[in-house]
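Quick heads-up: structures coming right below.
Presented sequentially are two complexes of chain A, the first with chain B as partner and the second with chain C.
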Partner chain A sequence: MHKWKTSFRLHKRFILSLILLAVFGWSLFAVKWDADEVYHAGGIPTLGQIFKGLFQPDLSPEVLSKGLEAAWITLAYAVAGMSLAIIYAFIVGVLASGTLTSSRAARLANKVFFRGILGFTRSIHELVWAWLFVAAIGFSPFAAIFALAIPYGGILGRIFADMLNDVPKEPIKALWAAGASKLEVLFYGYLPLVRADMISYTMYRFECSIRSSAIMSFVGLGGLGYQIQLSLADLKYDQVWTYVFYLIALVVLVDIWSNFVRKGLTDRKRRRGFSTGWRASLLAALLIAGSWIYIYFIDHADISDLFSDQNAEYAGKFFGGLIGLNENNPAFFDAESWASALKLTYETLEMSVMAIGFSTIAACLTVIPAARNIASGNLTISKKWYNWPLYGLVRLVYIFSRSVPELVWAMMIIFILKPGILPGALALALHNFGILGKLWAEVIEDMDPRPIRNLAASGASKIETLFYGILPIVMPRFLTYVLYRWEVIMRTTIVVGFVGAGGLGMDFKLAMSYFQYTQITLLLLCYMILVVIADFASESTRKTVK
Partner chain B sequence: MTSKIMIDVKNLTKHFERKIALSSLSFTIKQGEMVALIGPSGAGKSTLLNSIARLVPLESGEMLIDGQNISTYKRGKAFAKKVGVIRQQFDLIGPLAVIHNVLAGKLADWGTVKSLISLLVPQEKDAALMALERVGLTDKAHEITSTLSGGEQQRVALARLLVQKPEIILADEPVASLDPARADDVLSMLTKIVSEDNQTLIASLHSVDYARKYFDRIISLKNGAILFDLPTEKVTDEMLAELYSLKEHSSHA
Partner chain C sequence: MKKWFSVMILVMMVFSLAACGQSNNEKSSEGKKEQKTEQVFKIGAIPDQNAADLQKGMDAVAKYLNEKTGLKVEFVPSVDYAALVTGFQRGEISMAWFGGLTSVQARNLVPEAKSIVQRPRDAEFQSVFITQPNSGISSLKDLKGKSFTFGSESSTSGHLMPRYFLSEAGIDPNKDFNGNPNFSGSHDTTYKLIESGSFQAGALNISVWEAAVKEGKVDTNKVKVFYTTPPYYDYNWTINKEIDKKFGKGTEQKIKDALLSFNGEPKEIADLFQTDKFVETKNDNYSKIEKVAKELKIIK
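Here is the complex of A and B:
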């Protein structure tokens, strides 16, 4: 018995890998792997045309200037949305952390209540929020901005609350002892301690919000996604790529900026004059001001329009519809609707597993050359001429993959493959493998190089170094990221479904188009079931690896 | 016992960004010798050991390992049979079981397939268990390495060297993060193993006491140069005082 236990403990990671592999294998059975079933008749030639467009994007001045304007709209919505998200996240996050309460009961109540709010707002995808807002208040830029602000605020607020809870307790106690009030402790203790982490996480989220803002177009709001959609509808793939390149450029610029800000935060040296921090704050202030001014004066969005009687009536009708007012047979009380929705839920689960499986495989194959310390030969003390070019190539592919939102990938793939689970899974995988690869490469870069160098010095070959040194050390964190991305993918399945890539999302769009409000409620319920399953499964897997 | 020359260093010089790290070092070390390398922080002890281990490239000068120029050794496998390194316990793979860390000493001999199978079913288990027995850790073979104490981890590293069986062992601050009792334990075990297997040992140390207690020759480095290179019994307190004095250092600064 004891022996059995030790052998389980020794091999639990191996066993876990086998189980995960088996789950991935199971998901593959959801697709009929038959060329006629998978491809459109003209799928392969279309693929050729799409590829041709990639290398010959349309660079005519007209398209370029249209792209520039669309890029600015996308950026402005993202900035405006994020600025609201930060306010929401800060207030609710601080309340949810319980740092302002003193009694135990009040703290618990605060935590449950405000964490609940944050949890609810982030469990619904921004595109669904957008759809809800468009239905309620019409095609106003505010629909896009609120749709971004609410889920992003939910995610940011939760992370802020976690950070505040994880603050080392000694400096806080010292402030209490010095007689500081609760607010003073917040501003002198908690906030300075978490400031750097908060800012760097917000910058990371800002990058994500650019992509989200771009896909807001798919509910009819302007921006890069809108242009991509129009060009795809006209089958002008060369224009599609031009706009995609704009999007990539935007994401890369934000990425560079956030690296800059992060570096400024970790730089301990104080420079004289205008420091990096000030410059970054000024730029942020300018961007926020510029975006709001644009939205108010040039986009002519008026906040007072939002509260017109007409909008109130729409919104009332919409939300009343969701809970089944004036409906004789609401879908969420109907066994048949539940049966078909649960079948779709099952399909969605399969899609998400397949997607994370594909991205994991792709990341596995590419991550080793993508780590800076392997490319430079520092980690494995072996240098080859092809290391750096390979590093650059893989990193370029990563940037490309993660800059293009799942929805855009899905829209292109749907031209090649027949609707179903496979195109959805592929689109999700294409977007997520770049993110996963980047995160994994950073794990390798942050590794303690000494054990690895020692292995290499004691005569281990490259593959032996990988299996005896690198993998055992990075495996738990790799797995954490896989599970984390799987949870994200689960929420995003709804989005690729919108363009006909199967699962719950496709049905959601249909229900939206036919104004079947109770069906929408039912589908959202199914989504929540999925999110709970995902949380539970990934939490228990994480515990096993520890 | 033969007394062939294992390490022969001539005019070894090394710079790091124009700062001199090693200046024209020359010495020879015979088989079976146990040499302590001492000197203040930044004197070049680690750089010297890393040069012998080929972890940093030679800049100028010549180094022969067992009569053969160090740069002519084939990368990896053959060299691993000549030179093995032990540091603080940081050079073990924490999440792996102890037995795999010990068997990592065999990687130079094994092919890829065998080493991968070994991660599931440990190969040549007897060799590993024998090594663990010599360091007194037989019962820990299947523990996860990172759960062991610092002294135990260092003994795991010793067991790995036993399995690897290099002719020369380089020990870079092997006891720097251990308390005195554990440090004594590890050093006496290391020197015992080295003398039993007629290996050659060079260890850099912070503590002069350990150098005097366990080693028969002391090479002292200061500012990248050899200050003295003497049998242990000839090293006087005055020499040590000069070695660690701050005066000369501060006049340069």
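Here is the complex of A and C:
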């Protein structure tokens, strides 16, 4: 018995990987792998047309100027949403960290309550929030902005709270001892310690919010997603790619900017005049100002409109509908509806597992050339002429894959593959493999190079270095990222369903079109159950890995 | 470092303050503002075809109604059927060009709304079922085991009635096709998907189909009609409740008269609607659609 335990402890990562692999294998049985069952009759020619559009995008001035305007709207909504998210995350995050409370009981109550709020707000996908807001306040830009602010605030708030809890306690104790008030401790003790991390994480999330903002159009709000959707409806793939390129450009620009900011934070060099930090924060201020001005004065969004009696009445009606007022037989009290909803829930679970499996495989195959220190030969002491071009190519594919939202991938794949869970899983995998690859590559870049160099110097082959040197070091973090992305994929499954890629989302869209409110509630309930299960499973597995 | 961080916080605070300030100012002038915004008579149309064509034609309708009635009319595009119904329910859209099913849905949500005007052909509207010439499909029964696409799930001629006639012919769309049926979202997309070979068969609005053939937008060597449904009532202009209260007495009648006096000019309207006149209609004409929708459990 004791022996078993020890061997389990020694091999737990290996065993865990096997279990995860088995789960992935199980999910594959959900699809009938027959060419006839997978493709449409004309799926392959359609794929050809989509590819043709990729290499010959529509560059007419009309499309280009439309794209520019749409890109700006997308950016403005994202910036405005993020600025609200930061305020929300900061306030609730500080409260949730319990740093402002002194008694133990109050701190615990605070933590549970505010962490609960943060958990709830981030567990629902922004597109679902957007749809709820549209139903309650109509097609106002604020629907998009709030829909972005709430889940992003939830994510940021949780991270802020975690960071505040993790600060070294010594400086804080010193401040307490010197008689500082709670607020003073917060502003002079906690905040300076976590500031750099907070800003860097916020910038990382900002990049994600650009993509989220782009897909807000799927509930009827403007931006790049709207243009993509319109051109897809007309099957003009050349235009679709033009707008997708705009989106990629936007994401890349934000990425570069956020790198600048992060660099400015880590290099503590002080220069005279304008430092990069100053420039970046000036840019942030300008962007925030520009976005709000645009939304108020050019988009004519009026916050007072939101609080009209009319809106209150509609919101009341809508939420009344959701909880089944004036309904004789609400779907959530109906056994038959539950049965079919649970079947969809199961399918959605399979879809998410399949998606993370595909993206893990794709990332595995590409991550080695994608790490800068391998490309430069620093890690393995071997230089090959093809290292750098390969590095560039893989990184380009990563950027491409992660810049395009799952929803857009799904809309295209649905023309090639038959509706069902496979197109949904593929769309999710296409988007997430780029993110996973990037995160993994960064893990390799950050690892300690000495053991590897030793191995290489003592004559280990490339494969041997990989298996005995690199893998054991990076494996736990790789697994952590896989599980973390799986949580995110779970949340997003409902969204790819919107365009017909199967699972809960597809029925959600139908229920929305038919105004069957109680059915919507039922599907949302199932969705929440899935998200909670995913969070729980992933968190406990991650603890095992550690 | 500390400095620029505090500047950032300051900027954020100033903006949140500015945001509050602005909303206060606007609240005080709310009365004035509401009057101004309510004077715009907003019209909408279900996005059942090419967005650019729809925009062009509906802008012409807005201009036409403005010339005939003196009201400020504006066309509000929308991305999906349900979004337009929601806008109508909220009173943001004063009048909309709905399909049969969406008009029934809208009137379900706003019982005082009225279907007022339609095209002569809408009294006996039809759907066509299309396929590739060499697919071997020549009747509805042959669709068993083939891949199939509807239009939007909220469409009458692209989903509701085709589904009804399919089940009359003994085909259960949820089981008998090769895979689940697809919802393409619009009639134009449907024939393009058949033309490109993505799906083996589909159903769409006869009027969009005829226009596409006439204008050469579809290659008839690659797509053919193999079945045309019996006639049913479809599209109509549905007007929202309390129009006279909002825009002044007699507005509803004025709008109706303006639509009825349309005689084929301007051409943009005639092109979009494929008609040279409009005729009166009434809510009762759609009771069959309502019945079918209830049978198929699309409405309650």
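Here is the rule we use: the second predicted complex is superposed on the first by the 540 of 546 C-alpha atoms of A that agree within 3 Å, B and C clash if a C-alpha of one lies under 4 Å from a C-alpha of the other, contacts with A are read in each partner's own complex, and residues count from 1 in each chain.
By our rule, a contact is a pair of C-beta atoms (placed from the backbone, for glycine too) under 8 Å apart; a residue touches a chain by one contact, two chains touch by 3 or more.
Please read all numbers here as calculations on a predicted model, not as lab measurements.
Contacts of A:385 after superposition on the shared chain: neither chain B nor chain C is touched. Judged by the touch definition given at the top, the superposed model places A:233 against chain C, while chain B stays out of reach. The larger set of touched chain A residues comes from C, when the choice is between chain B and chain C. No residue of chain A lies at the contact with chain B in one complex and also at the contact with chain C in the other. Contact residues on chain A toward chain C in their complex (touch as defined above): 36-37, 40-43, 45-46, 49, 83, 86-87, 134-135, 138-139, 192, 195, 217-220, 226, 229-230, 233-235, 268, 270, 277-278, 281, 284-285, 288-289, 292, 296, 302-304, 310, 314, 414-416, 418-420, 500, 502, 509-510, 512-516.
Of all the residues in chain B, the ones that touch chain A in their complex are 53-55, 75-77, 79-81, 83-85, 87, 90-97, 100, 104-105, 107-110, 112, 115-116, 119-120, 142, 144, 160, 164.
Interface of chain A with chain B (complex): residues 6, 9-11, 14, 381-382, 448, 450-451, 453-461, 463-464, 467-469, 472-473, 475-476. By the touch criterion given at the top, residues 1-2, 4-5, 7-8, 11-12, 15-16, 18-19, 22-23, 26-27, 30, 33, 47, 50-52, 78-83, 85-87, 89-92, 105, 108-109, 147, 152-154, 178-183, 185-186, 188-189, 192-193, 196-200, 298-300 of chain C touch chain A in their complex.
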